[in-house]
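Each chain carries a letter (A, B, C and D) given by its place in the written order, and its residues are counted from 1.
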């Protein structure tokens, strides 16, 4: 066993860490107070700097213009970038584009890759992923209403999707739609590339999320597709393989989320300690002298360290043995890191008192916006079900 | 022991319950989406209805135009009104005005009562209470910078206050200021009535709170007082009695908050059960069939019932023996009900999935805005300290 | 609402409280160190004192020689007696006899009452209740192997039972056995009185429970019944009514357990505060000055008060509306008070440090012996299921 | 980063794992039911087998007859041996002997090592470590009454010690005693080797611990030292260095405990899964189909994995950078793994129902005997204090 980080990785992380601190954290106050679109020009300038530093699109292969890092390295990168809500976006490894890049890179035809993947990797366009539907539980991804029917050389897509992150301003959406309702549940759906300017594709609204309507990348859309015709060769991978590809996309995506959450935890932990060390509760006596504050710090340190090692271990397992062998681990980190995240944020807020619930600090934003970490990509409960069923199988019990 | 509610109280509660459901809940979507000021005309109309129903200002004595209820009754009322974030405002028993009415009613001179209390009770003006200062821990109420210096017939007030709820649009503020820095800590400060149009009184900003800048009643201000001159007879009660009066105000105030939180819990519980009973997770199978959802319901029911009985018991004790005898109980409910509240909201959100973090439902608003329940009027930790010290005294240990 | 305790009840409680403290607590060290049988002579003497005080068998009607208290009073009594593990036994309201007295009193024929109930109430004999079977989950009380087959004028009982509390030394057992395997599940079983000297009735062993084999009343037996013939008129109530009678027995039984647990909590709380107030952590500084200890005290106080009010409220509801109307409440207190109990004991031990896990104090005994509170009479999970299903029914969902 | 275990270590672990399962687990029922002394002959035979396998005394250097493993390997070994309460004893790496071997190995003179260390490593004698005193908080190790006064060529030791694990049957005790009461607190005490047959050394009693008086190695003694004269050269290390040496002993000791606890967790987890997979709750339906059981499994898996990685990481850090650099980590794992342990045991018991609190399974023993994990070698609270203070120092705050 060797827990040390390779020097080359350390070098990259050090540059990223400094970049986040110097270039991105100063933008956060405006990020909180302004529409995302108003911040975009400044973010584009930062993106250009990142490209010049050679730290662009860390998850993408070098031949596509990325850094070609493996999962373990990406995990470390995710932690560093996660310290700021702007980190992933500026380094072009933000959800949902990162997942779409992976799926296009793995399953796309040459033409699809040229048309959609390349500009995505270059940061020229954005994309979204439309799976969940208002009328069907998101926790049951094989139950969909949206359909894609072959009509000559085109698929005609009809349906309604929501919590389509970053739909506002996206150039295209990957849409999960039923292509064969008579197939077995996991073979019913396919993935299609639907350009957002396709007639019939309509962004109904950005769904207000924890008090924030949002815009552009920083939004969650509700989308209607009415008789959207897309060329037959916009089908991604095989017909009927939609669920399998979506799952393949989610495995790595969960690692990325988890390490981003660790980054958030580290940031909140720093803020908590900094405040405890410098805020007086009476003349000459700092907040950090209170045992309850000390225990908030100690508990958080233990939980963050534990969560971090679990995610790194999972990433290492994916590098070594592949995503499939790490399925239990991926589900374990999904629910346990999300819970750690909320506990750490909660403690950091409590230590800050009224300042913690105000937007004079970043904590209140993180607390409200990250509550959904325990829900998206599978709620805690579903991941626990999955883990337990896989484990019980090893003990001879099949739970259906 | 008798846990039954008097028929007359039940009658009042039934009317209020129906009013909240029929008249206020339909306004909530607009309350979430619009500035408070835009809602005000409609709220004023509702207030007029309430006055006609004879249910106005339940905490105020009948001779002042209120209902003259005792604490136990007020607790029940608070639960019913707390089901909507608009309830207390429309019945004119909202913080911070309710507390200010109590303080003016108990300590105000006849002139003060005529000038400030009467229009407050009639709902013609609003008020605020300025205690916490940015540079001093709010958990240490005897440590203040703001001063009020006698200069002839006037006090000259200088200082800075924040988290002054509802300062925006208030006619006057009750301000806690040091009048004698050489006195013992608990005798240093006094309370002064400072009209908000006093030269030198300035609302710097509404502090963004959990993503919400707010306005009018629904806001938390940062206020500067520069050489504010107020007549000497705007002093409330005795000089040096500021801390004692603020405490007297907080005791009942905590009951009101706690029962409002119980009301919120009940509402969230209803939403959770309703959703569990009607949301399908696959065709024909409802969410409520999942044991994890069932346990969220059972745990919440137990915790709400427990919290409710504790608050009612505390109110009863205050009616019987006075606030002073119920001091331990008041601190106990402050921290334990606030924690119950957050747990119940958290579960209700989790059961709702993505819908729970969206503003299509009320839960996300409650989750973010009520996080401060564990902070204002004394953070959990301070109340636990207070409780334990009082208890340990009974076992012979004085902790200073 | 009126939370005050009637003066007459207060008078009884005061005497009991003093009796427990003066007469029973001094016996506890020997109770921990010796077989129960060796303590019996001294306990019998205490029982005689209790009879003379007129405080005997508080749950039994006066005409049978008891105090005839109602549930709310019994709840208060249970709390006071629960402060010592010897309390209920000495006042002859201990499980499982108390439940058996209730069942005989409610469903027994005149002959059965004369033969079994009267000596039980007089404390001349003891009894047990045999329901759970080793091969069938105790959480599923309708799934039993033990059978009782009519053969002429006798039932022939065959089966194996375990966790039969106090089987060792009991004069008779009430046995739950299937009398009609073809009936609907809840109508299959009946209750039979089986004298322990019936040929074929054999106490296999006392099951070691948390390191304690136990003996006499203080034991949990495993019992075999082989061709046990009992007269037909030893059938309790109707054939097929076994499950319903067992449930009727359990409702009040849960109140008794819950209030006993509250008594244990109060005792542990006292010990924790006493120790915190008097144990030095360095010269002149007491343990109670540590904020973590203070918060253990405050959290425990809040949870005990909450649990206590819930149980009292449930008892009141049973007095007013009957057990059936209080079914949700009974399940709520069963799981929530049991959890409170374990949390309070855990904190009290942690505050005591090494002394807490030693048997120089009572806490270690309580911690290990009461862990089963979360299991017997229905594990937490089953009660939560029951509560949620009853509640969801009110929202229109039937969960089978 | 590389989480793989070296093949040579894997080979050792595989043999140990099989040995524990085949040779030791079958002895556990007798271990629970009999005095330890009665089991000793069989355990000695197992010890001889272990010596022949070359797996003896894994923590001791090869030249002393041990395996000479480093911390990371020892951590893995501790996990495997911890699966049985007999594991460490049979492999001669049990507390308190393991710590005493380390201290003698590091600080002992050649004579001391020959006389005491060698027979200890060979398993010919046992030892104990006497630090905590009844009248002084164990959490404050610099506050001691026991004194050792030089009188000619001998130290005269007087004092009383308790929770001296394994004093019963030990050949010698290492005793912490004040040699210079006027020194600064951390320089007052020294460590002395006191043979247990020294006149004046008396084992008062084995302190009953969670219902178990214990004997021989499996006991916790209370010891009186009255005018015990030991030769001056029985002083270990320097006079005044007692506290420092005790701390040096505790660092590695905590790793050993933590990995043993992980082993216990793994065993309990296996039992829980095995039971869930095979216990029917109704005909044909297994316990493991209940979502609450599944979540107990998933939560436990996540917490065990997290705890395990933290301990392995700490061991690795100790191997790489030394114990001093890993002080924060050591305190973090001490409290967090102990809490994980109790949570996992609690869940495993709950899943087992009544069987879980009976001694027909190992769980009840583990639950009661390991409760002290959160207390010995520093209670949770003290470790949290230590962690937070070290961290806050990095943020500029010195908490004294």
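Just so we're on the same page, a residue touches a chain if its C-beta (ideal position, glycine included) is under 8 Å from a C-beta of that chain, and two chains touch if they have at least 3 such contacts.
Keep in mind the model is a prediction, meaning the values are calculated, not measured.
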Chain hops separating chain D from chain A, counting only touching neighbours: 1
Chain whose average C-alpha position is farthest from chain A's own: C
Between C-D and B-D, the pair joined by more C-beta contacts: C-D
Approximate Å spacing (C-alpha centroids) for the pair chain B, chain D: 52
Whole-Å gap between the CA centroids of chain B and chain C: 43
Chain centre separation (chain C, chain D; CA means) in Å: 38
Chain C: positions in contact with at least two other chains: 290-293, 295, 381, 384
Touching residues (chain side chain B, partner chain D) in the complex: 290-292, 295
Residue ranges of chain D in contact with chain C within the complex: 32-33, 132, 136-140, 143, 162-163, 207-212, 220, 279-283, 287, 290, 292, 349-350, 353-354, 356-360, 364-365, 367-368, 371-372, 374-376, 379-381, 384
Partner chain A, residues of chain D touching it in the complex: 1-5, 72, 273-274, 276-278, 286, 288-289, 291, 293-295, 297-299, 301-303, 305-307, 309-310, 312-313, 316-317, 320, 328-329, 331-333, 335-336, 381, 383-385, 387-389, 391-392, 394-397, 399
